[in-house]
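Report on one structure; see the data block that follows.
Should a chain be cited, it is by its letter among A, B, C, D and E, assigned in written order, with residues numbered from 1 in that chain.
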Amino acid sequence: MIAQPATTPGGFLLVLAVLLPAAGTLFSFALGSRAAEKIALGLTPVGFFLACLVAMKVAAAGAPIAYAIGGLPPPLGIALRADGVSAVMMVTASIIVAAAAFYARAKFATPDGVEESRGALTFWIMIQAIWAALNLIFVGGDLFNLYVALELLTFAAVPLVCIDGRPETLAAALRYLLFALFGSVSYLLGVALLYGLYGTLDISLLAQRVGAAPMVWTAAALMTAGLLAKTALFPLHLWLPPAHANAPAAASAVLSGLVVKGSFFLALRLWFYVLPALPTAAPGAVLGALGALAVIFGSVLALRQARLKLLVAYSTVAQIGYLFFVFPLAAGAHVWSPLGWSGGVMQILAHAFAKAAMFLAAGLVAEALGHDRIAGFRGAARALPLTFLTLGLGGLSLMGLPPTGGFEAKWLMLRAAAASGQWIWSLPILGGGLLAGGYVYRILAPALADGEAAIQARPERSREAIALGLAVIALALAFAPQGFFDFLEIGRPFASGSAP
Amino acid sequence: MNPSLLAGLVGAALVGLGLYGLIAHPHPLRKLLAFNLVGSGVFLVFGVVARRGAAAGYAFDPVPQAMVITGIVVAFAASALAVALILRLAVAGGDVSLDPQASGRRDDGEAE
Amino acid sequence: MSVLPLLDIGLALLVVAVAAWTIAARNLFASVLGYVAYGLLLALVWVRLHAPDIALTEAAVGGGVTGVLLVTAGKRLDALKATRSGAGPGLRERIVAGALSALVAGALAFVVASLPTPAPSLAPQAAAAAAGPGAGLGNPITAVLISYRAFDTMLEKIVLLLAVLGIWSVGADDAWGSAPAPLRRARPDGAMVLLARILAPIGALIGVHIFWVGADAPGGAFQGGALLAAMWMVAMMARLLEAPRIGSRALRLALISGPAVFLTVGLAGNILAGSFFAFPPGFAKPLILFIEAFMVLSVAVALPMMVAGPPDGESKP
Amino acid sequence: MIAALLVATLAAPAIFLAACFVGKWRERALAWQFLAPAPGLAAGIFGLSHAPVAVDFPGLGLSLTLDPPGALLLAFAALLWMAVTAALWRDRAPGARFGISWLLTMFGGLGVFVAGDLVSFYLVYALVSLPAYGLFAFSEDPEKRRAGAIYLAFALLGEALLLLAFALLAAGEPHGSARIADVMAALPASPWRDAALALIVAGFGMKIGLIPFNGWMPLNYAAAPIPAAAVLSGAGVKAGVIGLIRFLPLGVPMEGWGEALAALGFLTAFYGVAIGLAQRTPKTILAYSSISQMGVIAAALGLGLARGDTGAAGDMAFYGANHLLVKSALFLTIGAVASAGRLSRRSLVLAAALALSLAGLPLTGGALAKLASKAQFASGMPALLATLASIASAMLMTHFLIHLTEMSGEAAEDARRETPAVLIRFWPALALGALLLPWFFADAPGEALSLGKIWDGFWPVAVGVAAALGWRRSGLAAPKIPAGDSIVLYERGFARMMALGPVFETADARLRQWPAAAASLLLIVLALLAAASI
Amino acid sequence: MSVLADLFSLAAVGAGVFFFIAGTAGLLRFPDSLTRLHALSKADNLGLGLVVLGLIPRAENPLAALKLVVVWALVLLSGASTAQLIGRVLRRGRE
């Protein structure tokens, strides 16, 4: 690994990307919900611009950009570092947050005649806090700092789940909070052990120092299990379906599309950036096996749901499973590792966009029909063509049919599985696709069939367009050029330079 | 047995006790207490690491100690948020169970 | 000489025993009380680990504020007699849970016992840097918190803020803007009022003192703020003061002041000292004290608001 | 020039598709979509007489190819699409749902013949498979819905198998190229050769109805309205044929694989006839005839594979092209007969010629197709089996003609309603075209006119017809076999699998209990620890 | 002088410890809550007071000694208030 300078040109952008939404949170809190909405909406283009700038800087340098906070390099200080994947994730987060924010204006506007409303203040602040936390997770270089970011993320996500105050959402939020806390202490314990072993928590310094000792494995196991709890990998998914299915649509989109990816991203950082030099085949296989179980269980359960939002939430359980094939498929410095890596990142992106789009669309369906029972969808596609087009396109990506990002991800993963001789992973990948076909069929077949759906309120065109826009991005990912995959390799230890 | 090893063992014991409570207690407030036990066990491990890092005339390594202070604050915030949710749930339905199936409540309530 | 190890072992056993009691107690309230005692004992363990700063924090937060939080919660839950929490797991599940917990704890004990010697340490660098021109502090922990790991500390304050908002957000819609329910419904007794009248001013003084000396001696913004918070809570329990309305602008500003000032100074560092969250040499100590003063204010306001809970329409002024 | 035509082949349907997304253009785009295959037709005709061409777009990872087998099928398919589409939209204006499904299927149905890399082939192959659901399955009729669900299930399963096959193909290519030509060149040496071949045969076998994947086809054609059945049976199924042609390594002798495929093909050919003879509705009988014919193609390709004969590709493309025209014309015949009420003698002769063309009746295109397959069925066992297949085909088609003339009541009414009037009016011309058009594209049409060849073609047909008539005269009743035969077993198996659903639900509910989930977390810690310390 | 101070410290702290032990014994052995409260407040007031008294000669400077006294005073205050509060609750419970 090449030693990086503590601060590179353009590194200050990383600090700004984190602090901008953080400052937005503070000012929103002081100024009230009406201002909070304006601040949050106003920040979205700026944040998107910053994320793009970061991506451009990384691409121009061909190497990660970094910033040592306070001018103090690690191990004493905290470093922020953005590589190819960080930059892509930042751009993704900014797009989805922006989409959810503009979509949510209809629901979370502060009513006239009221100085401030509970739901509005909570939503607009929490969404900015989620954004700040995610940006920090994507660029954080210090494991303890990342712990704080992870907690920030949890504290922002939990109130969004129970924002409507119904008892079942409160129970879902409480379950989410307690299980996430369980995950946090597990992660923190691992962090303590790593510091005790090596006297630093900086990712790149640790990567130079770690060896295959039992203590390192204990730390890694504890941290990973904690992160899995927050990612809701099967069988730790107890909190996800009720939480994601009962939150307001805009919140579900962010929770399902981005928040679970935050903790997953840290798992990637741990295994591919801190421990890349160690033999990780066996633990990688354990993670892959859990992923396979998640794919099968999540998909079968999605097939059996009567409500659209629960179906989409269980589909998230399944799609999270796919992410974990990256551990067996991208480990080490083999010829196929870049394929597995690209496939894993592509799955993150494709699922983020497709699932966010589907949750937004599901919210529109529920608003328009007054319910989201699939049995009552007959003829709904004729009444809400754009919304069901969104569901269809998103579903296409979940099924892994071309031309979608979901297809691209499966295609890359299957190639990696074939090339590495680990054909066993191709079974859940393909089986999950078939089951996804089943549940997407369950949504679309009645909706496209003849019949008259009773529409209570026609959704605004602009909100339909926002959801569709996200689905189109999920589609466009299929056309990612080779340069995009090369970009994802920037800064990855062991990147062999030859991407797929 | 030196004090830091002793504290480390206490930390491990606290983690074990807390984990058991976290798994086995049905009441969320009891789970919260157990979570705080695990948390303080983890902080003790940090403390042991800090104590072992005594060097250069200092009795401890300040970095892990600072982390513990941050961790305590975060743990308190978490407890407070959980308490608020538990109380609200108790007021709203009287049912604070975390397992809807166990108490006969469905958790897939209709959409808004 | 020989009595200290014995004391250590006795303390260790006591802590573990009290912890076991909080887990094993049949009664929710008993277990809460056990936890409060546990928090105070733990502070002694921290003293024995040469961690006076943590001991102060643990005593103020673990024993004090968390104690009030949990006792209040326990009382409120007891008042709602009808709460159900479902049946506990059966014996077999308990045995499995116990075995798994013991295995994990055993692995942890093994790992802690085999930590490397000599241990890696940042103490020399931290101490050298703490006294250097960028910080100029005698207490390296404060230097770590406010200078080297400033990012952690500032974000942690935002976490507090989010927790406050999260707690408020579980309240009812029509109660929004009003004040939280009082910590004690009943009119307080004379003893409580007396205690608050005498204790609160002294405690507040000590709180400010702890913050002030924190730059060079054990103590600091959080510990000082927590003590102030505790005193405010004592006053609230005696009904000498009422919790403010959550819509109050002053309250909001007090809550954000800590992280906001920290963030502003941090951003200004890029111009004044060439890097975000760096302090210009020579001005470091006053700037740090300036930031900490606002953090004390934020902490002192945030903790009681978290204990007080969501706004409650009944106590609308 | 050819490059431009190739691009236009895909671009034209894409442009029409894009226009459908604008509300006010949609109707017009659908009405004019019969023009979309025009560039494909031109490209096909142009490509027939030229050496293979390839156009690469490295930036998009897209590449297009045109070789004579693909060009022939492309030209015929484009022609068929244009004719049926134009007639359908002239006669009536189907709704947007049907129209877009049609356009998507057409896009895929043309694209499969020119796609030059794995990913684009997979895309267009998915397009020719999945949207076809919209052509027949949206209905109140439970039988049609069942057919739709089964069709979709097989299509998705086929897609999944092919995706894995393609991944293996790509993994076997050392330079990272995804062009079909490159991966096929690398396949014989690839360590995953056998797995890839098995998946390819299974995946495309589903599309062309090889046993045991044949059950969906009769249900599908019975459920589809006649124009849709015509294009699906004609052009749609050929996606599977071109798939086999493209993805079997025909240049390298592979004894085991080739013979296995040939055996499977012949088995399918006879099985299709056998089950078809037990059917009573003309559409279903035609579906079984398709199964049987595709079996013959698979057998020929298998024999070609066994001998390492690249010529099999061109020959089977011709065989497939003939089947494309004839089978679609036969579906239209059902409509024509139904609306005419009674067949005139002339029409009967025409219909019979068309039907028996599939058995290789001399002077029809079928004779040429049979001739083209001679290279594979030259002698010995294959020759015998091929002749038997001809006889069987003739029997089945006679059976079809009998049921065609006896069609009555509701079935006839449906057939009349479904078929556009224009196609009924011009049916004789269409039928004649289908019989004669192959003569213009055959390598050596003169050979088929030699007396020996005519006799060779004639006697199996005569035997088959006689056998069918004799069987009918004998009054022996065929056993009652439901349309879709083996599908009933699959449905039963599927129902049993669905019964597992509640098991999963219970397991999920258990695992989502707090104690179980929390214990799982600790178990994961221990499992990772154990795995790492091995 | 120092010997005398040491002796004094020993005696005072020893006496304080005695009261603590006695208070603890009372807490465990006494029959009802009010009497237990009584025992406990002895430990707080007298026990801690004697310990502080014993430690004063050992303080480094007068300020530290003052701090010790302040600690005792605060404990006295809170102990008395708490005892009073608990007692009141107990009496209310009995009525």
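In this section, a contact is a pair of C-beta atoms (placed from the backbone, for glycine too) under 8 Å apart; a residue touches a chain by one contact, two chains touch by 3 or more.
No experiment lies behind these values; they were computed from the predicted model shown.
Asker: Using the contact definition stated above, find the chains touching both chain B and chain E.
Answerer: In this structure, the chains that contact chain E and also chain B are C.
Asker: To reach chain E from chain A by way of touching chains, what is the minimum number of steps?
Answerer: Minimum number of steps from chain A to chain E: 2.
Asker: With centres defined as the mean of C-alpha atoms, identify the chain lying farthest from chain E.
Answerer: D
Asker: In terms of CA centroid distance, which chain is the most far removed from chain B?
Answerer: Measuring from the centre of chain B, the most distant chain centre belongs to D.
Asker: By CA centroids, point me to the most central chain in this structure.
Answerer: A
Asker: How many angstrom between the C-alpha centroids of chain C and chain A?
Answerer: Centre-to-centre distance between chain A and chain C: 31 Å.
Asker: Can you check how far apart chain B and chain C are, centre to centre, with Cα atoms defining each centre and the answer in Å?
Answerer: So the centroids are 13 Å from each other.
Asker: What whole-Å value do you get for the distance between chain A and chain D if each is reduced to the mean of its CA atoms?
Answerer: Each chain reduced to its C-alpha mean, chain A and chain D end up 41 Å apart.
Asker: How many angstrom lie between the CA centroids of chain C and chain D, rounded to a whole number?
Answerer: 71
Asker: Any chance you could list the residues of chain B touching two or more other chains?
Answerer: Where chain B meets two or more other chains at a single residue, that happens at 15, 19, 22-24, 26, 28, 32, 45, 48-49, 52-53, 61, 63, 67, 70, 74, 77-78, 81, 85-86, 88, 95-99, 102.
Asker: If you look at chain D, which of its residues touch at least two other chains?
Answerer: Those would be 512-515, 518-519, 522, 525-526, 529.
Asker: Where does chain C touch two or more other chains at once, residue-wise?
Answerer: Expected reply: 89, 93, 97, 100-101, 104, 107-108, 112, 115, 119-122, 126, 148-149, 152, 156, 159, 162-163, 166, 170-171.
Asker: Go ahead and list every pair of chains that touch.
Answerer: Per the contact definition above, the touching pairs are A-B, A-C, A-D, B-C, B-D, C-D, C-E.
Asker: For the complex, which residues does chain A have touching chain B?
Answerer: Those in contact with chain B are residues 76, 144, 148, 151, 155, 158, 162, 164-175, 177-178, 181-182, 184-185, 188-189, 192-193, 195-196, 199, 241-242, 245-246, 248, 305, 307-310, 366, 371-372.
Asker: Using the touch definition from the top, list the residues of chain A that touch chain C in their complex.
Answerer: 7, 12, 15, 19, 22-23, 25-27, 29-30, 67-72, 75-78, 115-119, 121-122, 125-126, 129, 132, 136, 144-145, 148-149, 151-152, 155-156, 158-159, 162-163, 165, 170, 189, 193, 196-200, 214-215, 218-219
Asker: Which of the residues in chain C end up touching chain E in this complex?
Answerer: Going through chain C, the ones touching chain E are 189, 191-192, 194-195, 198-199, 202.
Asker: Would you mind writing out the residues of chain D in touch with chain C in their complex?
Answerer: Touching chain C from chain D are residues 515, 518-519, 522-523, 525-526, 529.
Asker: Name, in rising order, each residue of chain A that touches chain D in their complex.
Answerer: 175, 179, 182-183, 186, 214, 217-218, 220-222, 224-225, 228-229, 234-238, 241, 280, 282-283, 285-287, 290, 297, 300-301, 303-304, 336, 399-403, 407, 410-411, 414-415, 417-419, 423, 426, 430-431, 433-434, 437, 441, 445, 448-450, 479, 481-482, 500
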